[in-house]
Amino acid sequence: MVTKQRFIAVIGGSECSQEEAKLAEEVGRELAKQGAILVCGGLGGVMEAACRGASSEGGVTVGILPGDNRQAANPYVQIPIVTSIGYARNIAVVKSAQAVIAIDGNYGTLSEIGHALQSGIPVIGLNTWSLFKNGQQDSSIIPAQSPAEAVTKALNLAVK
Amino acid sequence: MVTKQRFIAVIGGSECSQEEAKLAEEVGRELAKQGAILVCGGLGGVMEAACRGASSEGGVTVGILPGDNRQAANPYVQIPIVTSIGYARNIAVVKSAQAVIAIDGNYGTLSEIGHALQSGIPVIGLNTWSLFKNGQQDSSIIPAQSPAEAVTKALNLAVK
Amino acid sequence: MVTKQRFIAVIGGSECSQEEAKLAEEVGRELAKQGAILVCGGLGGVMEAACRGASSEGGVTVGILPGDNRQAANPYVQIPIVTSIGYARNIAVVKSAQAVIAIDGNYGTLSEIGHALQSGIPVIGLNTWSLFKNGQQDSSIIPAQSPAEAVTKALNLAVK
Amino acid sequence: MVTKQRFIAVIGGSECSQEEAKLAEEVGRELAKQGAILVCGGLGGVMEAACRGASSEGGVTVGILPGDNRQAANPYVQIPIVTSIGYARNIAVVKSAQAVIAIDGNYGTLSEIGHALQSGIPVIGLNTWSLFKNGQQDSSIIPAQSPAEAVTKALNLAVK
């Protein structure tokens, strides 16, 4: 691979509140400013807001779609990947990234967090799931307090 | 589909403690006694113990394998499915079931829990993950205190 | 894996002529008589006819479905696998078998033939595709003149 | 999706002769000159030659990898997609394109041709498979005599 650029996934719900969209857009903007390529699931909500942010700063956006149709991509996806494998594409979203930023999200996002952690890909969390087992918190999801902190941590922790 | 039988997935780590193996084996045995078909990821640990239990009661066991090779199935898998799609097969494990029993487990199990809950498939938990968001517990994982209780709840909640 | 049974896939169109259905049903019947487990894509046409034949002789039938819903399985599928990965499930159909019998079929069947041959899984053809490259026939698809011959060849060539 | 660019897949063996590599490189170069984005399976042989050609003209290259590791991408892939779903990724390669150019190739390429034709995605062939059924040639693979002709036909036939 010729590129030196880093690939960072942003995951979160395909529907989201205005507050979450604002966080996601800021994450996308910050990733683009840092020269990272944004990977996401290509749909609406957090994904769209992140792509919008990245695009506004001239960043590159990749959307790894579950369905059969590139038209399902949000308007800010530049490189749509049409997997046609449904939500099994969640694993491709996180595997295609060197670190993952999770913003809020529901059970689909939880599956992506699981796939990322299973693969040793760092997960930075903004208002997202917390995990406990046997009464103890699992500290694998690295918390961030702001979009800028999330991006800094993601870039610092990005695996090869 | 001609069968009236219910399909219940047992998910958990491919390595596990003796205590977890005992729980899994008892779950498998109980599922077989109730006439349910056991679906799992086909490998070792919790999966193997559950298959061993089901087999000991004459139950049917299906192992949905990640790799390329049926030989990777544990010795108690009767119907090995060779997906060759890696851990994307996690989604097929839970989708092929009408309810899921999670026993302990690590991040792969977490991804399966996420996929199941996203699909509206009930998840019964035995010593497994607890989920929190925004400081509040998500109550989607239904706790059970014993293998027998887990199986009863799974069969009662099984979706069509 | 405890089973000594052989797994043979039957592939072909989800719609088919009466003549093809008759071939497929006879293949299914013969597989069941020989104690083989029938693997297929779980839908209609050739798949349904093969499952009907196998069921009529008390055979076991596995349907590896593309979609999200076990209800899509034909009525003779006993073990429905709900992959939710769309037509990427074609590779799981052939990988789960030790030999493949292709009956007629269209482009989906062609993709399955390609996946099987790439994996070194023998393909027996009944009125199905012929392949040529650079003006020469590729002889990898082993022709059969009858269902019984197809089943005999499949069982003889079945890989481990 | 904001982009107006067209996505064209180049498929063929991960090992290839010098002559095929020359064809593939010329196809890649021509696609880049026409402003199309090259999609491929990301590995060696025809895929690498096509990416090298596209890169030499400043084109964008996307490699949809079967494995777990971005390092497996050939050196000319700019956007590596790490699917981790093995050769089931073949379907994502063709679905992500609006037309497919097949150069020589073996059974994996055959599976991709099958998936593309099943999905209504045009396939242009350069020295690749010919398909026959019931003694008659299937004319779905559109022949081209040169890389330039293949690219022109692919761009003209590209689906939306």
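A, B, C and D label the chains in the order they appear, each numbered from 1.
Convention: contacts are C-beta pairs under 8 Å (C-beta built on N, C-alpha and C of every residue); 3 or more make two chains touch, one makes a residue touch a chain.
In this text the structure is predicted, and so the values were computed from the model without any measurement.
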Review point. Which neighbours does chain A have in common with chain B?
Key: C, D
Check your understanding: With chain centres defined as C-alpha means, what is the inter-centre distance between chain B and chain C in Å?
Key -> 28
Exercise for review: Report the inter-chain centroid distance for chain A and chain C in whole angstrom, where each centroid is the mean of the CA atoms.
Suggested key: 39
Practice item. For chain C, jot down the residues that touch at least 2 other chains. Key: 68, 84-88, 91-92
Exercise for review: Considering only which chains touch which, label the overall pattern as line, ring, star, complete or other.
Suggested key: complete
**Study point:** Residues of chain C defined as touching chain A within the complex
**Key:** 68, 84-88
Review point. Which residues of chain B touch chain A in their complex?
Key: 85-88, 90-92, 104, 106-115, 117-118, 127-134, 140
Review point. Given the complex with chain C, which residues does chain B contribute to the contact?
Key: 1-3, 7, 37, 55, 60, 62-64, 68, 70-71, 73-85, 88, 91-92, 95-96, 119, 160
